[in-house]
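Chain IDs A, B and C follow the sequence of writing; residue 1 opens each chain.
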Amino acid sequence: MRAPDTILPLTIEGLGFARDGQPILSGVSFIIDAGPPSIIIGPNGAGKSVLLRLLHGLLVPSAGTIQWSGIADPRPRQAMVFQRPVLLRRSVLANATCPLALAGLSRAEQLARAHAALELVGLAALADRPARSLSGGEQQRLALGRAAALRPEILFLDEPCASLDPAATQAVEAIIARLATAGTKIVMTTHDLAQARRLAGEALFLHRGRLLEQSPAARFFTDPATSEAAAFLAGALVW
Amino acid sequence: MFRCLTLVMFALLSLPAFAQERSITIASTTSTEQSGLFGHLLPIFARETGIAVRVVALGTGQALNVGRRGDADLVFVHDRAAEERFVADGAGGPRLHVMFNDFVLVGPAADPAGIASMRDTNEALRRIAAARGPFVSRGDRSGTHAAELRLWQLAGVDPVAGRGAWYREVGQGMGPALNTAAAQGAYVLADRGTWLAFRNRQDLRILLEGDARLFNQYGVMLVNPRRHPHVKVADAQRFIDWIVAPAGQAAIAAYGIGGEQLFFPNATVPEPVS
Amino acid sequence: MNDVNAAFAAAAGLIVDADPAVLGIVMLSLQVSVCAVAIAAVIGLSLGALLAVTRFPGRGAVVVALNALMGLPPVVCGLLVYLLLSRSGPLGQWGLLFTPSAMIFAQAVLIAPILAALTRQVLESYWEEYAEQLRSFGAGPCRAVPTLLWDGRFALLTVLLAGFGRASAEVGAVMIVGGNIEGYTRVMTTAIALETSKGDLPLALALGIVLMAIVLGVNAAAHALRGNATRWAG
């Protein structure tokens, strides 16, 4: 059941972005609604990371609109995890409480949420360790837990497993799946087709700055509508 | 750990060094401070009156400027001509005689200009100039510098011609000038008090003394309270009254280094009203 | 060499005897420089942090000016503060000239640009790394400043030490605005200058050795503090 103050669906129309006069995205239109994860796939340089940053508000579009629904301020209802986690020079616990403090939560609430989040990502035992002494996988799990503690309605993930080994990737995917099941809308980029297959509810195929396809995962992976997507799925399209 | 640091800071800040006390500020010369005279006089004055005296020791020219700007309550210096200008300008006064001592002409034991047997400053300075020194000048508009320039003038020598060669203006206090002279084997005019208290003489020694022209008079003046209303008139006047009275004069006479008296009280000598 | 040996012997004597006059000078030196660092830190850290996170026209000029001010000669700084605080100057009614407060004022003016310039440099690299993440948390540049200062605390401790070192080592400014008044504004460096001019070179050097021992002690304490906790900074 949908809360009355939801910010979804998210409507994107004619979105374009250029950097130094070079178009990176153009004419991108789609709608993201609550439900299973939306996975943005495409070869390197397709503009996936830029698209995610535009949606999250870290970049300002050169053209088009990004329209959230409802009347609530969409800003505190979203969170993002980056490819390389940016951990603060503090303890694991302090990393989890920092965004909550910035969001203006009481200290008690910060601690309650942070401990719950560390439990969720399996780092409760490391709460007092310096965050930057963690392994790569642990760091990314902390970044995920830190974002989850904000209890976002929509969570953007930019290639969260790109620099992780298979075991760490598996752990991160498990957490993502659990968050999605619990009702958080996941919007994630990846260039890893196997991972996309494991997580996707729907797939958005981005190629050379254009959105070529948005379809349910089952159909996209078996019967892509465009020849580029077919080539990409066959491993033939790397650019 | 930061709490620990905070504690240390708190301990530092709570020390009573900035406590207010009844005090006056004197702008004076390095010769009175560095010879140890003030170290001898001020505790006596403080005991008798409960007034702490803070001495800023500068060259006479600078000390008079501090007085002009109102940054001291009184001025205690030794350059009569400059002091009289100070009084005439309305910066302070009246000027009172306090004490005198004398300047000495100091130089290397080798004495290349051969002045050691002389009694006449004019002749000695002419010899130094002829032998091309070297001579170290204070060059800082202090009382000693003014006296030195007067002596050159009396001798009819313009040392400025030797500037950069044998005539070396250091632009610093008596001590640094003596340090420079010691290092360079140069002649230098010094006040006797600083010379006696000076420790780094190396092979410097007194080569000429006792000429009447080497007389060095000290005077004291209250900074004009009409120009600078914050001047602590009562306490500063108390100091002036004390230093020229028998008690203060006796204290001056009692001070010496190694059994040698440094300053000679002469406050009883009447001062012409200017 | 005799003079140097005598200096070390005299320094040891000064420390062992804990001569109250020397102790007073040491304490005043510490008080003045610690207070100056505290005041300059409030100004320098916030200015440096703001400069690290903001972009505006003319920012480059401000950064260059700040870096240049790190080389402000203490004598010039002392002269400026002297003219400000003199009874005939704009702040004359405060009556601060020739007091320890004037010395704190001058040293704070001297080192605030150093703290600001170094803070800017340290925090700018942090900001480069953190900016996107903090914006994702909803914190713009200004709200990011406390986060950056806290995360940079160990690097900034070194910055503060640089300021303390400069403040406690300078003689030009405190000599002019403090007046080197015995028992009131005489600090280590002005005492050293005085003993040098009195020609008592061993005593001057001995005081210098004591000063270095103090600065060494402060740095060692800071290093221990940092060593204890630097692992957090990664």
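We adopt the following convention: a contact is a pair of C-beta atoms (placed from the backbone, for glycine too) under 8 Å apart; a residue touches a chain by one contact, two chains touch by 3 or more.
Computed from a prediction, not measured in an experiment: that's the story for all the values here.
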Labels of chains that are neighbours to subunit A and to subunit C: none
Most widely separated chain from subunit B, with each centre as the mean of CA atoms: A
Closest chain to global C-alpha mean, per-chain Cα centroids: C
Chain centre separation (subunit A, subunit C; CA means) in Å: 47
Distance from subunit C to subunit B - Cα centre to Cα centre, in angstrom: 33
Distance from subunit B to subunit A - Cα centre to Cα centre, in angstrom: 79
For subunit A, residues that touch 2 or more chains besides their own: none
Shared-contact residues (touching 2 or more other chains) in subunit C: none
List of subunit B residues in touch with subunit C within their complex: 1, 5, 9, 12-13, 15, 17-18, 25, 30, 33-34, 38-39, 52, 54-57, 68-72, 172-176, 178-179, 182, 197-201, 228, 230
Contact footprint of subunit A on subunit C as seen in their complex: 129-130, 132-139, 143, 147, 150-152, 154, 231-234
Residues of subunit A touching subunit C in the complex: 53, 56, 58, 75-76, 79-80, 82, 86-91, 98-99, 102-103, 130-133, 150
Contact footprint of subunit B on subunit C as seen in their complex: 24, 27-28, 30-31, 34-35, 38, 86-89, 92, 95, 97-101, 179-182, 184-185, 194, 196-201, 225, 228-229
